[in-house]
Every structure is written in C-alpha cells, then in structure tokens.
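The structure appears right after this line, and notes come after that.
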Amino acid sequence: MRIGVMTSGGDCPGLNAVIRSVVHRAVDVHGDEVIGIEDGYLGLIEQRARPLGHDDVTGLLTRGGTVLGSSRVEHHRIHQAVDRAAELAAGLGIDALIAIGGDGTFTAARMFCEAGLPVVGVPKTIDNDVSATDVSFGFDTAVSVATEAVDRLKTTAESHQRVMVVEVMGREAGWIALEAGMAGGAHAILLPEKPFDIEAVCVMIEERFARRKKFAIVVVAEGAQPAPGTLRLDPGRVDQYGHRRFGGLGTRLAVELEHWLGKEARPVILGHTQRGGPPTARDRVLASRFGWHAVEAVHKGAFGWFTALRGTLVELATLSDAVAAPNTVPLHRMLEAEAVL
Amino acid sequence: MRIGVMTSGGDCPGLNAVIRSVVHRAVDVHGDEVIGIEDGYLGLIEQRARPLGHDDVTGLLTRGGTVLGSSRVEHHRIHQAVDRAAELAAGLGIDALIAIGGDGTFTAARMFCEAGLPVVGVPKTIDNDVSATDVSFGFDTAVSVATEAVDRLKTTAESHQRVMVVEVMGREAGWIALEAGMAGGAHAILLPEKPFDIEAVCVMIEERFARRKKFAIVVVAEGAQPAPGTLRLDPGRVDQYGHRRFGGLGTRLAVELEHWLGKEARPVILGHTQRGGPPTARDRVLASRFGWHAVEAVHKGAFGWFTALRGTLVELATLSDAVAAPNTVPLHRMLEAEAVL
Amino acid sequence: MRIGVMTSGGDCPGLNAVIRSVVHRAVDVHGDEVIGIEDGYLGLIEQRARPLGHDDVTGLLTRGGTVLGSSRVEHHRIHQAVDRAAELAAGLGIDALIAIGGDGTFTAARMFCEAGLPVVGVPKTIDNDVSATDVSFGFDTAVSVATEAVDRLKTTAESHQRVMVVEVMGREAGWIALEAGMAGGAHAILLPEKPFDIEAVCVMIEERFARRKKFAIVVVAEGAQPAPGTLRLDPGRVDQYGHRRFGGLGTRLAVELEHWLGKEARPVILGHTQRGGPPTARDRVLASRFGWHAVEAVHKGAFGWFTALRGTLVELATLSDAVAAPNTVPLHRMLEAEAVL
Amino acid sequence: MRIGVMTSGGDCPGLNAVIRSVVHRAVDVHGDEVIGIEDGYLGLIEQRARPLGHDDVTGLLTRGGTVLGSSRVEHHRIHQAVDRAAELAAGLGIDALIAIGGDGTFTAARMFCEAGLPVVGVPKTIDNDVSATDVSFGFDTAVSVATEAVDRLKTTAESHQRVMVVEVMGREAGWIALEAGMAGGAHAILLPEKPFDIEAVCVMIEERFARRKKFAIVVVAEGAQPAPGTLRLDPGRVDQYGHRRFGGLGTRLAVELEHWLGKEARPVILGHTQRGGPPTARDRVLASRFGWHAVEAVHKGAFGWFTALRGTLVELATLSDAVAAPNTVPLHRMLEAEAVL
C-alpha cells in the first residue's frame, strides 16, 4: 500500500515519534510505501509531499515539533478540497491517509473520509481535550514543563512572600492547570470548567498568610473564566493587543490580586515552552504505540476511526466520538484536587 | 477517626506524596487524626509511631523516598504480629491502617485485615508488577530516569561504534525495560517474560552494522532470562558476590556480546538511581489521588480493598486481586515494541 | 566567635547553599556560633534572628530561595541603621556579619563596616553584574533555565515558521541573554550594553527565511534598549502597568517584528522561573566554596572584603571594587557570539 | 584557507558544538573551506574526510558525541603518520588542522606540528585533567549528570538506612568526584590524588549513624587508590574481567563497607552516562567560544597552541603546557570540600 501521513493543527511533542513509528511499522513490517504530506491539509491541497523511509525518521523519537510542518487552513478551503478528495488522493497516489491532529483535524478527516479519501486518525492535543481516549501524547510533556516551572516558582515566592500566578495552556479544558497544579502543590487552581470567584481566591490566600505560610501559588488555565463581575479593574487597560496572545488572564489576575490583597503578586505566562522540546518518556511510548496501531488500522480498513488509549490498551474509536464534545475536567477530578490544595 | 499510615517494602518516588495527601484529606477535610507508623510493619510490631499534621507534610509532594522509613520483615514475625493484630491496633489507638506497599505488603495486609486490623491498601511499585491497577506511582519516574540514561548513551555509543547494554530494574516484570526501551529507541529489549536468544541479538546487531548504523543499544531487565544454554561463557566468573547485587545480567551480557560479535560492548547498570529522587508530575498526581481515595475508602469501611487506577478513574480493587498473579508484560505489548525496534 | 549571616536583595539559587556552608565551616570546624538574621537588613534593624546549627541546614544544598528570607529596605532606613551599627551588632551579640547580596547589599555593607559592624560579603546575582569576581552563583542556574526554554521553543518555532522572542532577565547587564542565546543557538541576541536596531533584526530574519530556514529565535534582555526612534509602534499601548513587571520589552518587540516582517511572532517572558528552584551543580559548588571562604575571611579579620572567583581560585576583593561599576558584557564577548549566530 | 577539523580520543558532550562553531566562524566570516576528518587520526592516515558547510552543522549545538567519529590509534601508527605529515596534509588539501582532543591527541598534535602539519588544539576532557586551561567543555555536563544521580540516591539511601557508593569517572584526576560530591552533599569523597583509608571512611559513617543520620553517600573516582593494605577482602574475587571496565572500585568498596560496617551498602557505577547526551548550557558556550578562537588562532598562524580558558577569557597556551603534567585536584580544593562534608 501507499500511505500518506500528515500533521495538522498546533504542534505538540510526540508528533515526530508518531511519524517514525508509522514508517517503521508500514515500511519495515508491511512493505508499504509512506508519503509525508507537508504542512497538514495545505500540503494535501497543494499536493506537496515527499517519500519517507527508514533513514528519514532517524532521530525523530526525541525531537519536538513536526518535520512535516503544520498549518491551519480556512474552512472554505477545506470544503473545496473535500469536493476533490478522490482527485487529491490520486494525485499523491495514496491509498489511505493517517491524519495526526486534534478536533479540527478530525472534523475535516470525517469529511474527507466520506468523500472518498480513506483516513485513520491519531489524536494529538496539548490540552487533553480530545474525547474518547483516556489521554493523548503531548499532554504529559506539557504538564511536566508546567510542573517544573511551578516547582521553581515556589522557592522564590516563599523567599519574597509573594503570590505567583502561573498561566498555563488550556482554552476550553483545564487539564494542564489541574495536573500541573496538583503536581506542583498549587494553592488555587482555576479552570475553564468552573467560573472562579476572585474573592474566594483572596480569602484562601489571606488564610494562608494568617497561618504564617506567607506565599501562594495560583495556577490558572488561559481559558479560565471569572464569575461575572468579579474582576473589577478596568479590563481595557490590560488587553489591547488581544487577550489571548499577550499576557491575558494571568497578568490581569496578578494585577487584581495585588490590588485586593495589598501583597506583591507576579504573573508568569508559560506560553509556548509547554508545547516545544523533546517529549517525556510516557509521550514517546504513547506516540509510538499510536503510530503502530494506526498502520494496523489502515491495513484492517478501519477508516473513519482513530487510535485511542483505553486503560492500558490502544483501541480504536470513531472520529465522530472524538469530536462530539470536548474532553473537559469533570467535577470528581476537581474534588480530588481540592483535597490536596 | 484515628488512621495509621505506613510505607512498606522497597522505596519508590511518590510515597511521601501519598502520605501528604492522606494527611490533607483526613485531617483537613474529615477532621481525623493521622498517625505515621515508622519503618513499615516493623514499627507496627514495635509500636513506633508519631502524629502527622499539616505542617509535618509540608514539602513532601516532591520529595523522594519515605519520611516514615521502611523495612522488610521476616514472614514468621509477620505471622506472630497477625495473631496480635487487634492488640497492636489498640496499642497505637488506630481505627484503621493505610498500608502503602507492593505484593508482600498486600499479602500481609490481607492477613491483618482478617485478624481484626482494618486495612486499606495503596499500591506502590517501581516495576509495575501489581495487578488489578493500570499502573502505580513510581513506575513513571523509573521509566523517565532510565530513558534519560538511554538517550545519553546513544550519542556516546554512536561516536565510538559500540554496543551498550543498559540493565534496568524488573525481576519478574519487564515493564521498565519495555517502556524505557521504546522511549529510548533501543534496538533490543530483553524481558523476564520471554527468554532471549543471544544469537538472535547478535544477528540483529550485525545487520544494523551492515546497514552502516554502527552502534546498538540493548535494554535488559535485571530478571531477563537467557534461553537455556545460550550464554556460553563461564557464569561462575562473573557472579560470585551474588547475581543480583553486583552487576549481574547486564555485565555478563556485555561480556558475551563483545566475545561473540568482536565489537566493543559496555554495560551500564542503572541500579538505585531508578528508585530515588523527586517523582515525575504524573507520579505526583497519581500518588495524591491514591491518598485521597484511600482516606475515602477508610471512611466507607472498604477494608481489604486498595486504590486502583482504571483508565482515568481511581477505583477500588480487592487486595486478593492484587496478589493473585504479578502484572507482567503481555505478548501484544511486546509486539508493539518490536515494530519500533 | 558569634557570626551573623543574612541574605539580602532578590533571591537567587544557591543562597541556602552558602548558609549551609557557613554553618558547616564555622560551627563544625571553628566552633563558632552562627546566627541567621531574618529578611536581610530589615531583620538586622528589627533585631530578628535565630541560631543556626548543623540540623537547621540539612537539605539546604539543593533548595532554591533563602530560608532566612530577604527584603529591600529604603535608603533612609539603612542610613539610620548605620548610625546605630555597633548597637545593632551588640543587640544580636554578633562579632561579625556575613552579608550575602548584590550591589545594593554591598554598598550598605561598606557603610556598616566603617560604622563599626564588621562585614564580609558574599556576592549573589542572577544577572552576573557584580564586578571583581569572574562570576557569582545563581547565574549558571538562570542561564540553564533560559537555555532549556530556548531549546524547547526552537522546535515549535520551526514547526510553525514563527519568530519567537524570548525575554530573559538582565536590566543593566546582558549576561543571561548572551549565554542563553549562545547556548540555545539564538539568531539574534539583544543586550542592554548595545542599543539594537530593529531594522537590522528584521533584515537578518528575512535573510534566514530566504535561505529556507523559516523560523528565528530572538533572545532579548529585559533591559535591552532600542536605538532611538527604531521601535515605531505606539509604546503607550503596551506599557501601562509598568514596563518592567508585565511583559515589557519582549512583548513589544514581538508586536513590532510581526508588524514589520508580516510573519507570526510570539513573545515568551521567562520571568521568575529563572531565579527559582534548585541550583545547578556548578552553582552549588561555587556557593559552598564562597561560604567556606567567607568564614575564613571572618577569622582573618578581612572585613570590608568579599569572596570572589578568579579563574579556579576563590580569593578576596574589596567591597569597593564590587560596586565601582557594574560588570557588563564587553565587546569581545559580543563578537564571539556574533560568530555563532 | 582550507582547514581540517577532527575529534580524537574518548567522546565528550560539546565536541559537536566546537565543530559547528568552527564552521560558522571559518566559512561564514572568513570565507574558508572546512573539511571534517573522520574518526580522528585514523581518518587523517586513511585520508577520509568530507566537506562541512553551514547546513552540515545544523542541530549540532545540543547533540552529544561527535558526528565526525573518533578512534584511538596505536603509537607506532601515529609515528609512521608523523613521518608523512606534509604528504597527509597535501592529500586532503588542508592548510591547517584543528585537533579537538585530550592529552594523547595533543601529544601527537605537537609531533605533527613539528613535522610540517600546522595544528591548533582545542582541549576536550570529561575528567578536567588537561593543564593550562581553567577547565574544558564536557566536564560541567559530567558533573551535572553525576550530581543528579547523587541527588536521587540520597532519598533512597535515607529511606533504607543504607550506604551508597557512587563511582564516577576520573582515572588520574578526581575532579568529577570532587565537584559532584560537593554538589550532591556526599559524606565522603575519594580521589586518585590522595590514597584513602577505608577505616577512616568507616569511622565517619559510624559517627553519622550515631548522630541519627542513618545513611551515607560515598562518591569515589574510578581511579581512587586505597592506602596499601586497607582493602582487605580478596580482590581477585571481584576483578577478573578487568578492574576498570566491569564494576571495579565502586563495587569492591561497597562490599568492603558492608563487611566492616555490618550495614547495607550498595554500589552504583555511573559509567558512560557521564559522557553522553546534550551538553549543559555552560559547556555549549565554552565549546562555541573555543571553536571561534581556534579559527582565529589558525588565521594568526598560532600553530602549536591551543585554546584555553583563563578566568573569563579564552586565550592561547602551548600544547607543551597542556601535556607537561595532568591537571589534578590540589590540596586546597580538597580542604574546601572537607568543610562541607
């Protein structure tokens, strides 16, 4: 067979490990040809691809990012491309496509699948927001990076009796904040799933200081939401280059906390360090297993499915299950964290 | 309630995180008293214990080892103690015991439970050999340490065209070898679950060198077994201070490979570095969740049960399930690894 | 003798290692008493101190921050305290003071010394801006943290063909930017010592993209200065909560680069992660040596001097030499870096 | 000009960073051609080399080992080659050679230099045993790896009340043991420079246990020497595959300590993990500076010299100075460490 592989959406540690694993399994075991499509769906549309053999994937297991490149493509271009799905597949000479990506990638993959380009998905998400799999690769690395930052910030916060606000990734799902907060021993964890009351955060911090623990760590997901009306300083003053890109919630929260508490508060925005660099051991193993199973799924003809971790096993789930609803932090996980705070 | 907590068996990153989590949940939320029993069952027998409050567990989340100490106690002393179970509990004034340990600890815990000392278990194992839970804490840290070593050894092996034999922990279960081997991109992984043929290893290495990849990494579990008669050099010459403690299989394998291949081979025995130091973020989260759920189990009266990870949930399983058979690497996991080798 | 020890100014990995080393050398070898003064000069003024013995410094070698606390005290309070120097020393019963700090600390230390409170200094600086010593502890840790961030950002920049602007510490001295930039393989390094021309940075990046290296890493010290008139977007829009604290130059630079280049640019502000957490091995060794030599200096009566690294030796230099002028990056070091860019 | 560059002797983190820096400086700034000679002097003799341009050194800054390969060549082959020095240079068309290596490499380099092949040296040594430079690259990485291992071992030693013996590299110079021992807070450090008395080590450990610090860490250089007659167990039983390669001193010491102390002692032999993997930030900077200055030295005609760190400056020293005597740990450095033990 001739199998295309591509990476799509934001990058994530482990993408290259999947590519390597796909080539090892498909070329070395099944005798397939593997074609790497460049820059995600853009390369599919523009028919840019290159053959991938054993030597092309040497060293990829530990390398962050994606050697195939990635891109975000506008909806209407995707729809136009779906209409030419079979033609695009024929142009590259591929019998099937392994699409590594998140929600957006999978939504498009379903359309291509129905339009005659057979696709198997591999879930990729820093945020752990893909449903129907216990977890995907990249998340463990992001949590590790964020946890190490929290570890470092604790000693400096304590020395100077400060409040540190650490903003981590997570727009709709607060998994990184939850796990890095628990692993780092944060004193408050603010998630998109549950609007937060800044007054309650202030009360908690004041109680800590009253107990002579004169510092506090607040971990906040970039997508966390204040309960309406609770952030009272003029938001316009912070936000003009766009809430998301330059500072955003973490910075604003530090300003508010310093204002209301009368104690020094400092924001640290971890940003892109969470999605770069070598994957953790766990993410390398998971990415490698996903690549293996994706090739098997292609050979079984399981198109419209994606590789999913369920307990200790890698199984298959439908692309529809993945995109039905984002995987968000359930209440019982928040309760576990509260106990540790 | 008054709850005893103890750590038993070999140490493991995350033990202290469980202790901390038990204290936070029991003392702060339930208003329990928590008593830390020193040196595992030995402290129970000798009635050595100390109260644990919020301040006693500050800083424990990231600290390796166990502040309560641990020990290994002879079977007959355990049996004698079981006969006095109720008396020992009364002596310390505890209503229940949270026992953090592995197979041996759980076997004893069942006996104490039946003899009138109510016990909830928390599984702990570097080797990932406890059944009825997807995984336990400590394993991820061990795999991370071993993987980093393999990463480092690759560059030096390549520069000098050498074979490196990396011996990792795992007497009956080869999980560390499997995952560190996959994560490190090892070229052979030797597990206790499947006797290895050194000739096959030699053939693989020779093929690599023939393809101009002039180095190889072999990851071997300390408990891996050569197929009978395949290690041919005189074993007596290596082993006199005891196979397990001083070198053992990894060293012997390097000697054999160098002999049969005529290429330089070097052993690296990772040893105790795998079980020390701060837990990974993942192990901290898992240990904290286990502590939380162990306290809840005590309050529910779920004695004879232990906390188990099943998919994304922490549930309870019976101590009998844990000790029925060790959790070993199944064939399908080996196949996934072969594809990546 | 009875020796006071205190930490003053911003915290820095290795402070605790100095404290530990002072106690080990003074108490265990010389039979001195050591008194830890809390919160820097504030504790001296308020006469807050506690005895430090062998057990009080257990575990401090690897611990970030300072267990003695720190503070910044207004100039006039320092001057008032200097007038009462002998009285303050007598109140705590100390024969000498070991003051661990940077420029500000040393300037005050000179005054106390002349006013009758004998002081030996130990230099501490994240920024490496103390003169008359090759380097101080804390700097190596800061460079390591910043370099790891640059390493991680490279892969994500490359995958998305982006420009990453990494802002590191360094208000007057650009050492962290220089060394993290060299170690991370940055494509532009902007230092306070040399006003930068944003157009030149743009040209360099465009040439890289033209050579098909479609990403770039810019490392910028927080105190770097644009050549007058070269940042052309309205600065008022970025800076209202204070240039230093919330974003500052790195954010502004990313906005400008994106504007002028028409390519995606993202800022990452490393902030306080650079000054927290365990010191590197090198910083632990240097801090320990400084503590050892500070105690020896006290016993030699070398008041008004501080411990300085000169090549491989720890020697003594006068506090005046340290504060005469900040240690900034000389031209020849910039030239070495340019060759690597 | 046409410049050859080669790496020789044992590998070391930072070799690739030097190669990259040489290419950047020579090709991009001076317009030279650079030729990479394969496998050290062997490649010179066999005239195996390849051109190195900007693209060939992409990614080398962080990569351990040497992409040029290395080898050890017998003395008589070196002498034969020296007789053909000019011919070998002419064969490769090189005007000068940059030789990156240690003592052995430099000794040969002097001979080639005198015989008409102009050489500039760059010092490389894990052990820090090259004289006339404050330090060379690779050493900081080795110390970091060893220190992290000691950190990890401490918690497990404490939990089980054990003595841990950590064997690190260093045959003639004990620098790694000294610095990793100081940075890790070891309780005994045994160096080649000073024969050790095992009885004194036992006394120290017993005193620790008497003070209720019930564990100890001993860091020992592989080349440390027991005072005559002090290791009393039969050495023949340990050593048959060669003292150096398989276990050696660390293992033997653990056996002796366990025997004489009656306490559990465990050896950990760090081995090749110390010389592999990515260099620390400091080693990357130093390696890059050495490469820069080596190219400048070639252009100045400073043949027979090598790049040396002196304080904060990279200067030149003669190859004769480097090989006159190894750089060993002086008494005053041992005294500084004793204070911290």
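Worth pointing out:
Letters A, B, C and D mark the chains as written, and numbering starts fresh at 1 in each.
As a convention for this text, a contact is a pair of C-beta atoms (placed from the backbone, for glycine too) under 8 Å apart; a residue touches a chain by one contact, two chains touch by 3 or more.
Source: prediction; values computed, not measured.
Any chain bridging chain A and chain C, meaning touching each of them, is missing here; the list is empty. In this assembly, the C-alpha centroid of chain B lies 41 Å from the C-alpha centroid of chain C. Averaging Cα coordinates per chain places chain C and chain D 30 Å apart.
Note: centroid distance chain B to chain D, computed from Cα atoms, is 34 Å. Residues of chain C in contact with at least two other chains: 148, 151.
Contacts between chains close into a ring here, every chain touching precisely two others.
In summary, the structure contains touching chain pairs A-B, A-C, B-D, C-D. Touching chain D in their complex are the following residues of chain B: 10-11, 13, 15, 63-66, 69-70, 145, 148-149, 151-161, 164, 237-238, 240-241, 245-247, 251, 254-255, 266-269, 271-273, 275-277. Chain B makes touch with chain A in their complex at residues 20-21, 24-25, 28-29, 61-62, 134-135, 140, 143-144, 146-148, 151, 179-180, 182-185, 280-282, 284-285, 288-289, 292-293, 310-312, 314, 336, 339-340.
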